[in-house]
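Note that chain A is present in both complexes that follow, paired respectively with chain B and with chain C.
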Partner chain A sequence: MTTAVETARRRQALPQSVWKKVLKRPEAGALGGAVLVFAFFWIIAPPFRQLAAFTTVLYQASTIGIPAVAIALLMIGGEFDLSAGVAVTSISLAASIFATHAVGGLWAGTIFSLFFALALGAVNGWLLIKTKLPSFLVTLGSFLMLQGLNIAITKLITGNVATEDISGMAGFGALKSIFAATFQFGRVQVSIAILYWLALAAIATWILLRTKTGNWIVAVGGQGDSARAVGVPVARVKVGLFMAVGFGCWFLAMHQLYAYNTVQSGAGIGSELLYIAASVVGGCLLTGGYGSAVGSALGAFIFGMTTEGVIYADWDADWFQFFVGAMLLLATVVNTWIRARASKGK
Partner chain B sequence: MASNGEPIVRLRGVGKSYANISALRGVDLAVREGEVTCILGDNGAGKSTLISIIAGLHPHDAGEYLVDGVPRRFSSPREALDLGIAAVYQTLALVPLLPVWRNFFLGSEIVKGRGPLRRLDREKMWAETRDELHRMGIDLENLEQPVGTLSGGQRQVVAIARAIHFGARVLILDEPTAALGVAQSGLVLRYVSQAARSQGIGVIFITHNPHHAYLVGDHFIVLSRGEVALDSPRSDLTLESLMFQMAGGKGLSALEHELQGGRDAQRA
Partner chain C sequence: MTQARKTMVAALCATMSVGAFVATAGAAQAKQLTIAMITHAQPGDTFWDIIRKGAAAAAAKDDVKLIYLSAPEGPKEAQLIQNVIDQHVDGIALTLAFPDAEAPTVKAAQAAGIPIVGFNAGVDQWKAMGLLGYAGQDETVAGKAVGEQLNKDGAKNVICLDQQQGAVQLEARCNGIKATFKGKMEVLYATGYDMPTVKARTQAKLQQDPTIDYVVTLGAPFAPVVLDAIGAAGSKAKVGTFDMSPVAVDLIAKGKLQWAIDQQPFVEGYEAVDMIWLNKTNGDTVGGGQPVLTGPFFVNKDNAAAVAKYAKAGTR
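What follows is the complex of A and B.
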């Protein structure tokens, strides 16, 4: 008798608790937003309904989402990186220029650029720890320095604002098939970048929710002093997070280098804000200690849909920026509201 | 639990200066198993400096600091922690947005699996957190809830339970009741007393509330301007004399006299 009553009660409680669990996730708002934006463009832009359009959206999303996954981890760890956008360009330039002017090999250039990317992250992290300045300032500094260096060094070495075409060099084919391959999926072309993006989001989620490192990232962002007091190596976690951002930027940089063969030295400015916006739409708190990698992927997906949806709907491309801004405000309000309800246990 | 005489932590003439300013001079202190030592004092009396030394945040630069009779000089809280000396700070204890069980094991996580599959053992940590809190008389409905949603007293107790679970023999509690209401303070004080008596933990209880101190303390030290103004076991002390010392002792009498004198003079 008692057990029957209890089972009934449990059954009654179950659907609500699953719903509650979903609502309590940081990415709940972004999930709702993604569904709404998808429905919106589905209704107003008929070309948006094709499968080819969907893969284009995913590709757009992946070019924001790959660095955004790392940025989300960094933001959960309580820090910012404004230099990520131009860092992608710096890393492409480093690979290309090192390959063409220093060693004459693309493999060497690619590996050099990986170390360069990790070093960029490590320097940002080290400056943050040493100067104790807010990361906003530190990375604003490195953003401006990289922006200047990108153009100045490219001009100095190549005499031009773009690098030379690398598609004729040895190893190009193999590296292109690693970083920028496309393959046929049914009747549509799919870029490998999409798979890398989803894989990176999955790995970041695993790290965040299931590993010790993830626990430390959340704690360091949530209350660094408490974390330090119980023996979490705060400085190491932060430097590691900046290096993870370096790694994310390197991945996108390599994709772009092998997809377009040359690098425009002035590119990348403004992308850093998209990465941050994607993370915030995905539920990351500006103050740290809360957020999700899946959320950043949903945020990137929303921006991917918006970029392409605006085109499919035959609007001026400038509407995209308007949408990003509106989405950011709306998402932040909705996320705050959901979090407040969730933390009250409703 | 009766103390066996030999203190776990003993300070002899400990002092500390920052630049040219002497923050602490000639402090003697002994913390025994199962005993609550209360340290009282006004703001700036040297309480923070004293706990930083005991907890290993700052090394002392005069006198002796012995743990189990061996002289020590800590350069990080980790070293103190390894000897079973743990500090629970009023504000630095827990990460508000992190779930209870993750907070409980923060910095000492249990992992399982190998290589890239090395992961948190959620079930085990969850069960241990539940058992430990249950043993201390706290029943939380949901260990997945963020610590920030607990009451102030519950948060303190979770932080203290964590320190004990991870092998603390000496607990330094920094103003655990300062920001709490009456009922919440009661929860914490009951727990502190239980931890000391039934588990044989040596407790250093820092407070500026003599009422709270007198409820749980076995030994009382009042600091004033970096020096020990009073050092007395409970048997030699009443709440009134403790409050008198806390309020400023002879200084207060002099002030009272002066103000009284002023009033008399005015009247005359």
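What follows is the complex of A and C.
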């Protein structure tokens, strides 16, 4: 008897090998996929090997990865947000139009757009809780409504379908250096968006792994009813997650506004799927309750490497989307294969 | 019948006959025409907004009711044509961006006796499809003009940045360049208005092939983004663009952008509506079987200032 207990305790105390621990993380597969894609383009595309190419890839990845971090949290919490891509455009339009037509100041416009972004998220969450419809439908509705509003309101207020160039307004310089600064290292240019992306991924990871809120998110996504039964405030967590998506979109929106000066009101359609794809490639389950923020960053990185890699490899442009799709599929297959191996080898 | 009642009936008859008279007089003068404009515009695109403004200006001047609809895909554009046939409009102005997809519904509209004018896209197809007229730029001609310009500028290795893979009028521009340009030209595709992607892809292409010395964008909003990408990639490439925007005109005046090739979209929208109106009210056909060309017109450093104020107002 004692020996059995003793063995069990010893087995528990026995440290799991680091290797297995890593492999069991949700992002392990995505890491494998990323390494594979990186090695692939490293071998076949010589221009891909420059440091400058690496930062181009990271930049493309960061513009998907910033909202994708928040989308990953939301998906772990068991919900979707199809409106995120268009919301980025709405938020930058809100900032630009508010700044040029309401107050005449970019700082006010930027702060207004932050509240606007959080409100968009809160409305999505609130509609979800109140209507009890699947988030797929609720956010499909807001996706389409925002698409219409973006164009209609922009045209109504400015008379055109793109906003005015804001680069001459007071405060532009300071705000540009906050949201869209670039650092020159020799011939290599690094956008600040990359740093924000990595920082957001780190913060989200910390929340997921080290805080009570993180536990709640996983619980709500995995077993909503059980979570509610043990006292997790499900509604609050979900609304909060949608607001987090709003925050992620706001960050990207501000980057785009200050990096490109004007906003085309028809932009952003289709990006929502990239955010979701980055999260799923990075190990989030479509059913919720499982996934990681680091994974979404790796997913965005894979996507960035693939789209840019096809160009570095100088493959026929007509085949562009095909190659991107095929590479993503390949990366995801490797990803799932690694995950399956890891969970089998207990 | 009491006197009061008699008076009332008489009054009623009088009003009715007056009403009828007014109605017939109105019909004789011409009831207000309804003209539908159907395009393949991506929603929220500056260029298309200028076309729409031109169409609205013509509609206001001709006292026509204008219905404006757009869808960026062939089958959807065809559906819109069917929709306005069902509304019994008096004329349709449409873009033949997807001629094969639109052909059956164009035939249906013609069978219903609705005159159709083409504009902007389909310069090679409008005649075969029996359209009344066509207003627009011959994209191949414009592309060829750009090719000549590139030769003049001494370009050797050029990128043609196409934002909508598969749209015939954009392909025609790149093919036109290829026809007259003596150096090497390659097409690079982007995905609509996703500017970070446009920047990253251009940057990647410039890093992949550092000998690229000219980039031609097929839409004005992309020109500043490409200039950005050139800076980031440490390239020396020059940039020219199809179409215009206030920002593009400004960049030309500053010498950062070499030129913009203007097809005068306002005129396209205006002419398309006006041609239908002329046909309905006076039986005219415009163009004498040839397309009414609205471009190409080069905006460069010399004339940028003159064009700037119209660009700012959103009509050029």
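Please note the rule applied: the second predicted complex is superposed on the first by the 298 of 346 C-alpha atoms of A that agree within 3 Å, B and C clash if a C-alpha of one lies under 4 Å from a C-alpha of the other, contacts with A are read in each partner's own complex, and residues count from 1 in each chain.
In this text, a contact is a pair of C-beta atoms (placed from the backbone, for glycine too) under 8 Å apart; a residue touches a chain by one contact, two chains touch by 3 or more.
Everything numeric here is computed off the predicted structure, so don't read it as measured data.
Undergrad: Looking at the overlay, what does A:R210 touch: chain B (first), chain C (second), both, or neither?
TA: Touch partner of A:R210: chain B, not chain C.
Undergrad: Identify the partner contact of A:V218: answer first if only chain B is touched, second if only chain C is, both if each is, neither if none is.
TA: first
Undergrad: Where does A:T131 make contact in the superposed view: on chain B (first), on chain C (second), on both, or on neither?
TA: In the superposition, A:T131 touches no partner, neither chain B nor chain C.
Undergrad: With the two complexes superposed on chain A, say which partner A:G231 touches: chain B (first), chain C (second), both, or neither.
TA: Only chain B; A:G231 stays clear of chain C.
Undergrad: Scan A:T336 for contacts with chain B and chain C and give back first, second, both or neither.
TA: In the superposition, A:T336 contacts neither chain B nor chain C.
Undergrad: Contacts for A:Q147 in the overlay, against chain B (first) and chain C (second): which applies, first, second, both or neither?
TA: second
Undergrad: In the superposed arrangement, which partner chain does A:S177 touch: chain B (first), chain C (second), both, or neither?
TA: Touch status of A:S177: no partner.
Undergrad: Okay, in this complex, where on chain B does chain A touch?
TA: Residue list for chain B touching chain A: 77-78, 81, 87, 89, 92-98, 102, 105-109, 111, 118-120, 122, 142, 145-146, 148-149.
Undergrad: Taking the touch rule as given, give the residues of chain C at its contact with chain A in the complex, in rising order.
TA: 42-46, 48-49, 165, 186-189, 191-197, 199-201, 203-205, 207-209, 221, 224-225, 228, 231-234, 245-247, 250, 314
Undergrad: Across the complex, what residues on chain A touch chain B?
TA: Spelled out, the residues of chain A in touch with chain B are 206, 210-212, 215-216, 218-219, 222-223, 225-227, 229-232, 289-290, 343-345.
Undergrad: Can you tell me which positions in chain A touch chain C when the two form their complex?
TA: Within the complex, chain A contacts chain C at residues 45, 47, 50, 52-53, 56-57, 59-60, 63, 147, 150-151, 154-155, 159-162, 165, 182, 187, 189, 256, 259-262, 264-271, 304, 307-308, 311-312, 314, 317-318, 320-321.
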